[in-house]
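Listed below are the structures to be examined.
Next come two complexes, and both contain chain A; in the first it sits with chain B, in the second with chain C.
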Partner chain A sequence: MRKMTRDFRANAEEACQDAPLRGILDHATRYFQGKRAAALSAFPGRDDHFARARAARLNALSRLPQLLEELEKNATAAGVHVHWASNGAEASSIVCDIARENGVRVVVKGKSMITEEIELNTALQQAGAEVWETDLGEFIVQLAGESPSHIIAPAIHKSRAQVADLFREKLGLVAEGKSDDIPELTRLARVALREKFLAADMGVTGVNMAVAETGSVILVENEGNIRMSTTCPPVHVAVMSIEKVVATLEDAADVLRALPRSATGQRMSSYVSVFTGPRKQGESDGARQMHLVILDNGRSKVLADPVLAEALLCFRCGACLNSCPVYQTIGGHAYGWIYSGPIGALLGSLLLPPEETRDTPYGCTLCGACAKTCPLGIDHPKMLLALRQRSAADKGNIFGTMHSFLARHPLAYRASVAVAGAVDPQLNLLPRLPGFAGAARFAQSRRLPELKKPFSARLRARQKIRADQGFHAEKENEK
Partner chain B sequence: MLEHLGVSTVLPPGQTCCGQLAYKTGDVASARTLALRYLDIFAAPGPVVCPSGSCVKMIHTYPSLFTPGSPEHTRAVELSARTFEFCQFVVDELGQVDLGAKYAARVCYHGSCQVDRALGITVAPRALLSAVQGLELVEAERPERCCGFGGVFSLQFTAVSEALVEDKIREILDTGATLVAAAEPSCLMNIGGALARMGRAMPAVHVAQVLAAGLGLGSLS
Partner chain C sequence: MSRDVILSALRAAQAASPITVPAPPARPLSQPVDAEAWDRLRAVLEPLDVHLRLARTPEEAAHFVADIARERGAKSYLRWESMPANVDVDAALSGLNRVFPESAVDGRPCPKLGQVDLGITGAHAALVDSGSIVAVAGPDTPRAASLLPAVHLCLLPRAALLPDVSALPGILNSHRDANGNLPSCLNLISGPSSTADIELVLVRGAHGPVAVEIIGLDWDE
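Up next, the complex of A and B:
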């Protein structure tokens, strides 16, 4: 069953009790972090390169409307049909119309978070098309009837053995030899997918970057499935959200130096495709018809936000997820949306209805590992704090309110600590106080420190003893 | 410890909380009010030393709570510039590293998120501990990983917080350490509380406590 964002807290509690899931996540996130660290240590001048990638993204965000118009003009000149959509429903209906006009029965897809975001597969299926995810991880989650749990590794939550079982059950394909051997599982997926590519009438992909000055769409992948999805079928539909545009090919190159290294620890992904229009006269490959759907879906509102617009810098490398202790422990599904981890908490809070995401900004220890990892310099904790401020409407919660009241009144503060110390030195009663119900588990699972005599009182006592002994505790003002 | 190092100290009265809890739950109005109290309490010149990295970080955040150019902002910038974490103060301001302490123990230093990452104080606490005669300094497998406390996070996402502190403790125990030290009381409360709950006798103490014990100024119990 699909998890809901509004149940984030309960989902998180449940997920962290799932020992097999935690084992898989631990293994996978460490693997990604190790690969990334190795790639970055062999990347001379990496801070300069990351700064250039950030500059390219910032440059794009700073004049987005203008660049999008330039993109439309140049893509149209290259023979691309450009469509504009303000929300997911509009984008889905545009793609479904293209499918209908072309009599499409089978659709193959490249891995794309944006089409997950707008649930395009459901719309296409309702319009009567057969839809196949062709990225191995996406194919696995599609067969399992699940959603991706990581931005770049959709099936990160599944073990090899689970995948082998899934292939046997859903595809009737049984691995030869060792059943959970990865090359063998990959071969089985290839067998199943090859016929889909050949039968497909339309290929749908996302967009890693669109280049305004040339009207090109850039796609980054490792499996060749995007090449297949964009060259086998006669129609290619690329769907992008507005922030994916960059100004120039040079800017795109700056971004490309950072993206694969940060995502998978590769200097360059196995395939980088640059599509500038459909197949032209005399060319031997490429789709005969190319469409580009440019989708807002809440981004322009975020772009206008002085504090939170930087969330739109993200190019979805997924490194913040791998670095996040909370993500490492609960995985992606607990977030209830396709974007998870630090960037997912941000995007969810910004793009989903506020009543769905009340707990989202609080599912973070503010440890800062994500901000330190982000190659584009996104400061996730700072923005999550800003979201907390807004969701609390500057009022905080009951803990904060009570605590702040006491903290403004030193006598009451000291008295409350003294009373607690006298009545309940181990704070066993704390969870029973109204408003402190959330502390129940905390007190059960940790032993809270015994309340001791405050430092100020101990210091006074010490200074008195020393004074009595003839010493004068030096109390003069500091220089 | 400060007196031992020849620093004359004053403990200004009326101290409660720097406002960190309010700030991190999104209650900026209360954080601002508490910050104003602290600007008054610490108005007298001279360095302010605090044994908590996260509180120091909060003081360093004070300027962002006030309008640039306002008198409060100017005072916040001024207080922020002379507020130091304890280890940083001893090493960088007093210029002392080897205090002559002797303490035989295998100590696992937990470099808290607020000390290591937020303040960037990575060298001073480790240098102070390394200089203690007889003390062997070790680090957990993932020293940079959060212990899972996160203030209000531990109350709202208790099971996740618990899972994280269990990971942390497993990695600390794997080092064979007899003691865990940090420069952040909230991590120490979290790690120490969980250790006690698990029936482990290992003390979780502040770096200053280890130094004091090594100088015969106090005990760790």
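Up next, the complex of A and C:
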């Protein structure tokens, strides 16, 4: 998708006015929170399980270069072709080369945020391949030419009627019977995509975890589209960002205790698949060729940052989105990039160029609901606050400098307020002064205080009026 | 090239800001597999719309297989070559057409198997806590059998029951081949394929099976 993070402020304001969107978001975030709460209340030892999942992820970050080398060695030994990519363009070109070498015409994709991040579909299409998103939500979003609006449910912003229209217009598929019956719409997608799975030359997936000690790739899903994408086509390409590695199968098992419960409230997702290399001799299905692309795309820089490195703990359960009052109000698209909500504000700020994400760290009320919800103990508000401090420290402006001086000198403050109060009591002119662009932006989104009189003076005046009225009232009673 | 750039950047990051990992609490004890394990499994499977039938004898299991095929209106089936001993699935399904993975076209197994009504598998293990069937891929245990047919029927021996996902490393390690290599694919299957991607309305039957049926083989082998 085209990155629109620059427009975050405007997008968010627009989204605030969108009543239908609010209804959808209310329903969706409550649905997920309800499922999650029910699952966690029936999860003995929850805190210990979450602590172990955090330790597994933290352990991975603490030994990242060593574990990636170990992963490479063991995956290669299992017959996997391992590739490394510094950035998205390099990763895309690696996948396109694999497609070209294998004469790939049709690609089926499992849902993966990482391939969205590197805009792989565009690259594959430019290389001449037909690319199908096969997760139902991603499929809908792809048909609509849009981007996902939630990590777990990419198309929550679409109604059943809109989906029925899309299927009719883009695929010529018309439901039997009631046209916007959801099981029937799901069946239509199943039939349409079954054809693609069977015809596909290559399956592309993300990676939920890669296990260093065995070279295994673990994928978690509910629809079976990832199993189809890895069982039928002759080539499987898995794309992972560097932080997806875990040290051991034990660590992977600890993460699997926490991930489905926190994401969808399931004890286990419908399918968890552990792949260690391509199909072996004698097997009748599964990819004959397996590739693993290990992508950095800015993450090694984040790892070097003592305050922000923990953002890389995230395993994309989406629980922080559902708990976030900002996400609940503006939804996923306003963030302007594929990652939304608290973790999205963080990842956008960390992975995209600073000039594109100036406003992103401000998409947070600092209420702390996300940090409380996160099973891995990520403290999103603390990190967003640190990002704000850094962005403010980078560029001092005259407004800030002046205010800082006045705040430290009470006499000068009173004098300047007196002057401003006489000249511009409503502070209407202030934002228009040259050099006060920042103030203008500030003023547009807030109601500025009036400077007519200090509060103490207004209070005294009010008390006097009250006293006078009381006096008159007594006079009235005497009559 | 990028490999070295990434690894050296990560090593530099590690040196500049090392991460310490406090020792985590001990993993909470797993609930042991005991006499109530079938009941607990049934309770976990019920909300997943998975029906568990318990067979006391191989004959009863074969009857259940025939019942399920009839209830589902199945005309064809695909099954693992290696199935739990004593249950004569082929005899139970004598009126149905058995499809073999070998009859695949141009090296692709899936096109023909996609039309099959019933996929029958055993289970290398099952996790009671999450209602998960464990299927390890191999020459006699194709992945497609639990994926492509509309209905997946699993024959689950009592000895396969394990407490929870903490058993996963042990299961994988017990399936290493003669050279010590792990199996190419292990699937945890917890209910039928499902989606709630349209308006968060749950639908059973996305891209994999629409239904999963389990027959528990409740006898000593």
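Operating definition for what follows: the second predicted complex is superposed on the first by the 390 of 479 C-alpha atoms of A that agree within 3 Å, B and C clash if a C-alpha of one lies under 4 Å from a C-alpha of the other, contacts with A are read in each partner's own complex, and residues count from 1 in each chain.
One rule holds for everything that comes next: a residue touches a chain if its C-beta (ideal position, glycine included) is under 8 Å from a C-beta of that chain, and two chains touch if they have at least 3 such contacts.
It should be emphasised that the depicted structure is a prediction, and the values quoted were computed from it without experimental measurement.
Q: Kindly classify A:282 by the partners it touches after superposition: chain B alone (first), chain C alone (second), both, or neither?
A: In the superposed model, A:282 contacts chain C only, not chain B.
Q: Of the partners chain B and chain C, which touch A:135 in the superposed model: first, second, both, neither?
A: Second partner only.
Q: I'd like to know which partner A:389 touches here: chain B for first, chain C for second, both or neither.
A: After superposition on chain A, A:389 lies in contact with chain B alone.
Q: Between chain B (first) and chain C (second), which, if any, makes contact with A:51: first, second, both or neither?
A: The second partner, chain C, only.
Q: Could you say whether A:365 touches chain B, chain C, both of them, or neither, answering first, second, both or neither?
A: First partner only.
Q: Comparing chain C with chain B, which touches more residues belonging to chain A?
A: When the residues of chain A touched by each partner are counted, C comes out ahead.
Q: Once the shared chain is lined up, is A:155 touching chain B (first), chain C (second), both, or neither of them?
A: Touch status of A:155: second partner only.
Q: According to the stated criteria, A:459 is in contact with first (chain B), second (chain C), both, or neither; which is it?
A: Only chain B is touched by A:459; chain C is not.
Q: Looking at A:42 after the superposition, I want to know if it touches chain B, chain C, both of them or none. Which is it: first, second, both, neither?
A: neither
Q: Can you tell me which positions in chain B touch chain A when the two form their complex?
A: Answer in residue numbers: 8-11, 13-17, 19, 21-31, 33-34, 37, 44-47, 113, 117-118, 144-146, 148-165, 167, 189-190, 192-194, 196-197.
Q: Any idea which chain A residues touch chain C in the complex?
A: 27-28, 31, 44-45, 48-49, 51-52, 54-56, 58-59, 61-65, 68-69, 78, 84-86, 90, 134-137, 140, 153-156, 158-160, 163, 182-183, 185-187, 190, 193-194, 197-198, 214, 216, 222-225, 227-228, 230-232, 234, 242, 248-250, 252-254, 256-257, 266-286, 294, 296, 300-301, 303-306, 309
Q: Residues of chain A touching chain B in their complex?
A: 9, 12-13, 16-17, 22, 325-326, 329-330, 359, 362-369, 372, 385, 387-392, 394-397, 399-401, 403-404, 406-410, 413-414, 438-439, 441-442, 445-449, 455-456, 459, 474-479
Q: Spell out the part of chain C that touches chain A in their complex, as residue ranges.
A: It is residues 2-3, 5-7, 9-14, 16-28, 44, 101-102, 104, 107-111, 114, 127, 129-132, 137-139, 142-144, 147-148, 164-169, 172-173, 177, 181-201, 203, 205-209 of chain C that touch chain A.
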